[in-house]
Each structure stands twice: as C-alpha cells, then as structure tokens.
Amino acid sequence: MILLTRKAEFSSAHYYWIDSWSQEENERVFGKCANRNGHGHNYTLEVTVSGEVDPVSGFVVDLKELKEILEREVVSVYDHRHLNLEVPEFKVMIPTTENIAVAIWRRLEGKIPQAKLYRVRVYEMADLFADYYGEIDG
Amino acid sequence: MILLTRKAEFSSAHYYWIDSWSQEENERVFGKCANRNGHGHNYTLEVTVSGEVDPVSGFVVDLKELKEILEREVVSVYDHRHLNLEVPEFKVMIPTTENIAVAIWRRLEGKIPQAKLYRVRVYEMADLFADYYGEIDG
Amino acid sequence: MILLTRKAEFSSAHYYWIDSWSQEENERVFGKCANRNGHGHNYTLEVTVSGEVDPVSGFVVDLKELKEILEREVVSVYDHRHLNLEVPEFKVMIPTTENIAVAIWRRLEGKIPQAKLYRVRVYEMADLFADYYGEIDG
Amino acid sequence: MILLTRKAEFSSAHYYWIDSWSQEENERVFGKCANRNGHGHNYTLEVTVSGEVDPVSGFVVDLKELKEILEREVVSVYDHRHLNLEVPEFKVMIPTTENIAVAIWRRLEGKIPQAKLYRVRVYEMADLFADYYGEIDG
Amino acid sequence: MILLTRKAEFSSAHYYWIDSWSQEENERVFGKCANRNGHGHNYTLEVTVSGEVDPVSGFVVDLKELKEILEREVVSVYDHRHLNLEVPEFKVMIPTTENIAVAIWRRLEGKIPQAKLYRVRVYEMADLFADYYGEIDG
Amino acid sequence: MILLTRKAEFSSAHYYWIDSWSQEENERVFGKCANRNGHGHNYTLEVTVSGEVDPVSGFVVDLKELKEILEREVVSVYDHRHLNLEVPEFKVMIPTTENIAVAIWRRLEGKIPQAKLYRVRVYEMADLFADYYGEIDG
C-alpha cells in the first residue's frame, strides 16, 4: 500500500458568526473573525489517497483524473467564493479550518476511482492546519 | 547604505468591481474576482527601508519600532477586514495588488524615523506580487 | 475526530557536550555541534491536538487559547535563550531535536483544555525534524 | 519511541513509457510524461526512522551517518541521472513518484544501524508526493 | 510606475555539453551536468513587468492575458521537454540558468501589451537563480 | 549583463550588547537580544554576482568555484560558531543582520574571479533580511 498526496489551492472569504449568540458573545469567542463583512485566506488543500501501485502503470491513481476531481468537487465550488454566503454546507456549519476539512472529505468520499480517500488536510495559513481521516479513525 | 526588509501578513476579503460598468463588463475584465460576495487572501507585505547602519547599535532602523509601525499603520487596518467595505482608500480605488502596494506606501511614507522608505512589496498569493518604489523612481 | 496543528517559532542557542566524555569523544560524536561557545537555530514547532469538532463553534480547540499556551509554556521559555544554560530540562539532557520534542511534549501535556495532545514536531532546520507522540505510541 | 526525519534532494530526468503499448495508448495514459526525450524534476526525499532516544547522546540515529547513507544509497545513484536509462530498478518499473518511493525504501531497508526505517516520502514537485511505509502497513 | 511579477513553472530535462570539447574537458567544466543522458529540474520562472497603474481598473497589465502569454510563449514550449533536444534556442546555446533567462526574455520581449518587460528571473533550484534585465541595463 | 544568485546557509549564535552601556540601556535598545548567554538563528545567505554570460560555457561564473568560495570565506567561518565570540569582525561591531551583510561583502569582495560582486542578502529569519550593494551604490 502507498499513499499519494496532491495539493490544490483556493482563495475564499469567510467569517465566524452564530446567529443565536449576541454580538458580544460572537466577538468573545471568535475575535476578529466575527467581523461580518468577512475576511479571507489562500487555503491550501492536501488530499491523500491510499491504494496499491498498479504494477504496469506505476500509479496508485490517475493523476489527471485526481486533479479534475479536486477541481470539479472542491476548487470550482470554493475558489473566489464567500464560503458562508455561497457554499451550501457552510450555511449550517461555521467554515472553520476543521469544518472545511470535514466538508471536503464529504465532497470527495466515493468520488475517486481505484483508490481510497485517506486524509484531507486544509491549511488556512502556513501556521494553522486541520487533518481529517473520515468518521472512524484519526 | 543598506536596505532592511521586514515582512508582515494580513488576511482580508476583497472583490473587483466598477460601478459604472455593466455586470458583463466587470466579469469580462475581472473574471471570478468580480463576484461581489467577495473572496480573500493571505497577503504578505515586505517593507524595505534604506539608510546608514548606526555605527554603535548596528541598526538601520529600530526593528521593534518598525514592527509597531507596520502593525499600527497597515496590519491593524487591513487584517481581518473587507478591503472594499472597510478601508477608506479602497472606496475610491479597486484593491488590486498594485493599488494595495501604492496604498501601503502612502500609509507608511514619512512615518519611519531614521530610515527612508525604499520599496513596498505585496504578495496576493505566492505566484503574484507587486512592487512600488514611490512616485519618482522604479 | 479531527487533528488541528498550530506552528510557533523560537530562536535559541545550544551545543552538544557530555561532561564525562573527553573533548575528542565529544567532537567525534557531535562534530561541529560540540563547540561550547554554542551555535543556534530558528526552531519551528508544530503542535497537533486531537478532538471532536464542537458542533456549535466548529472548533476542536480555542485557537487563541492554544496560541497563548504555546507562548507561555514553550516560546517564552526557549526563545532568545541558550537552551543548555537557561532551560532546566537541558541541564540534564542534551538539547538534540529529539530531546527538544520530548521536552516540549512534557511541558504541554495536560495543559490544553478540551483537546488531547497528539504530536509534537520540532524542526531544527528545514531538512531535519523530530516527531514525538508521547510515551505509548509512535 | 520517536521519529526522526531527514531531507535530501536529487535532480533527475525521467519519462513514462510502456513498450508493449502503442504511442497513442502511452500518450493517453501518461500525457506529456510520455515524451521519450525525457523531462525532469528536483525531487525532495524525506526519510523517517523510528527508535528510542539514546539516553546519553540524545540521538535516535547518528545524523552524520544517516546523511552518508542517504548520499551513498540514493543521492549518488539518482542525482543528475536519467532514471529510466541509468538506474537499474527503473528498467523494470516506471519511475512514477510512487515507484520511486518504493525503490528508495528497498535501497535503504536494513542499511540504517540503530533505528528502524519508518517512512519514505518523495516529492516530485511541491504539489505532489508519495509516502511508503514498507510492505505490511501504511 | 509599478512592477508586477507573475510566477510560472516548468519541468524539463537538460545537460551541459560542448561538442568541440573532449569528454574530459566537458566533465571538468560541467561536472555531473555533462552526463548526456540528461537530468532535470522543476524550474520556477518569475516575469516582472513595469508600467503605470490604470486609474480605472487598478491593473498594470491584464493578469489573465499575462498568464496566457507565459503559457503560450514559454511553458508550452519548455515544460515536459528536453531543452537540448527539443527547444530550438538550446541547439545553439547551452541551457544554463543564465541562458534560459536570456532565452525567455527574447521569447517575451514585445509580446506583452500595455506593460514593459522589466526582468526575467529563473530558478533552477531553490538555491540558484539568474536575473536578466535585457540588453542595456542590469 | 546578467545576475546570478547562489544561496548558502549557516547556523550561528549571537547576542547584541554594547559594553559601554548599562544593562538597562542594552535591554531597552536590544530587548531579548541583549541576553548574553546568546541565542541563535539559521541564517540564509544570498550572494549575487554580475557579469557577461560566457558565449561558450553559458556561465557568468563557475558555479562549483562560487560554492567553494562561499564555503571557504563565509560558511566555514560562521557556521556552528558564536559570532560575537569566535568571528573577528564581530568583536568590533555588533552582529546585526545589517552588519553581517556588510561583513560578508567585505569577506567576498575581490575573491570571485570573472564576475563582480553585486549584492549580499542575509536573512536572519524568514521575515527579516538585509541587502548590501557595497560602498557606493544601493
């Protein structure tokens, strides 16, 4: 078994806000992120798949196809978008780095032929990232 | 003479839009950046100052003071803000990388004791940056 | 379960030296690192915690609090210090990258509310790093 | 137990081509990589070993020795070489990132005194890498 | 005046060899690069243009157009190619980092509307790069 | 004319201290850097030379020779050393980033055959660097 990881990037706006909380409560918990005009990041996504190396082609996964899947399922939906306002899953959960990793896992699960989705890593900035390995195991 | 460069970062939302243009014209020129919900970036700022090295302290500029100036004049105003909606200069000019570099120059000019502002470099992403050297010379 | 990782940096001096060994033995094993005037590095620390994402806030851990813990427990003690001369644990063990990772684990264990310390990674330089997962499992 | 990782680099040429396939089939599967004049990359290798920290020296592994092993077993064989034409294992398997990781594992296994080979990671470019943990477990 | 820089990447094979020299002379001057099977690199290209910021659009140059020009004039010709064997200019000059920078300048000069080509920077690896400013001035 | 830049690294200890000042004055000006036990950094050096590209070899400068010069004149003297205690020029000037750049210029000037020393850049950390172009021009 081998793991293969491919990176992609998207630039999005977001904010952290819970409607049922007061402005003070939102600012206490979320700090500057509670600004509802939004701010933004260059997110880096690392998607890792696991599988056996094909003995003929030497590939775990077709790299062009993997790139197209990431583009179609994630980048085209998130890039140059306001996550809270334009991406359905973030109307019901806050687009924290953790939740973005979970959401991307759900978008990709079952979509990659040949290989198994192993890990989704999302960097919000160079000094902060979240890893998600799916429901069972971390 | 020596040049000293200090980096800082800010994460902001922005969009590109000209009110007097039609939606089609905005999208033709600005592409995905014309989405008025906004998107965002982790901007990296490099500020370069020039001066003589102080023969006693070995400094061109007091680094703590320089850091405080960048924080006060730029980062506290731009970071976790929507540039179009919350930063005055971008109500009258579009927050392109070029214009952000010019705007930061204007915010910093004359504010750094001892040394001379030499260059402002702004990275929107790792693969795109603008350099501004002030009005006269590039 | 999800993993969240936060980076921090500290710049410290150190050397490698065992008192009960001769100068020759120290130099044979530790090479240039045996120079007792010391040398130094910009260390990068990556601290990973694991936990469940809070369904309301979207956080595994309060990021501001995590940053303060790293600052208080590690950075304020190690940064701009000579590890051998000023940090208690390195009076009894050599500040190799491996030992620094173990020492930081011990400083952080049990200090992070909500989440579980999962991994401590320490980079001495870009081409050398150590990972520690605690006593039981690696 | 602790993990220690050391990086090394090599710059090599390669191409992807299966003799028993037609030109069209090779180009369909391998795209631009099927160009038999070859192209090339700056590969980055990360070798991770696991072991106990020596209570005296503070090392899992002798770093100078590890560096020499990587140089002798991998870098001197791959660097500034055409992988398909000059490296024996790639006469029988295609030098994909996955296969390079497996091949380096086989070159290093059993060669590192004191510590156990834990993982081989190979970056072909910054946005693509493969991880291999040996035959049993990934 | 402002400078705008855009990065692009290409992965190519090359070797250093002068036909009129003996094998010994080639190896003495070019070292491992004289291996005629070729080796390769991930090259990074930074193209800088200078111009006035358009007071309406905020752009020095149309970024989409600049990207297409780099793709058409350079990346599509160099990427996944053997520079010596497949790129015309390197049949008459050796593809050193210096010569690649000059060759890219010649490919781009006069092709960028609105703005002036200011500098071409080529990284062969992270620790080696060449800058070319055109014929007159450096 | 073309510019060629080569990077090198060294890891050193240093502190900032002026004997004729009181402890309070040193701490006021130099902050944590005034700790006389020392701290340290991974310095990155970028040396830029200018010259004409040799029409036969395609080189501005012999890269192997340039690497040896940097190693002999700078890295072997600074690396794994305490700059204040072991490097002669820093007994009479404080090893600030600015002064290190000037000192390296003086060590390299006139030592590089064929090409002209153009710029010395020294990074103390990723977010702070100094550039020196020699006595006359910056």
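Labels for the chains are A, B, C, D, E and F, by order of writing; each one numbers its residues from 1.
By our rule, contacts are C-beta pairs under 8 Å (C-beta built on N, C-alpha and C of every residue); 3 or more make two chains touch, one makes a residue touch a chain.
Everything numeric in this text was worked out from a predicted model, so none of it was measured.
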Of C-F and B-E, pair with higher C-beta contact tally: C-F
Copies chain E and chain D - interface residue numbers shared by over half, same or different: same
Centroid spacing, where centroids are CA-atom means, of chain A and chain E in whole angstrom: 34
Whole-Å gap between the CA centroids of chain B and chain F: 28
Multi-partner residues of chain B (at least 2 other chains): 126
In contact (per the touch rule at the top): chain pairs: A-B, A-C, A-D, B-E, B-F, C-D, C-F, D-E, E-F
Contacting residues of chain F [partner chain C, same complex]: 9, 11-14, 32-33, 35, 37-42, 79-82, 85-86, 125-126
Interface residues, chain D side, partner chain A - complex: 16, 18, 29, 31, 93-99, 101-102, 126-133, 137-138
Chain A-facing residues of chain C, complex: 1-8, 48, 50, 53, 55-60, 62-64
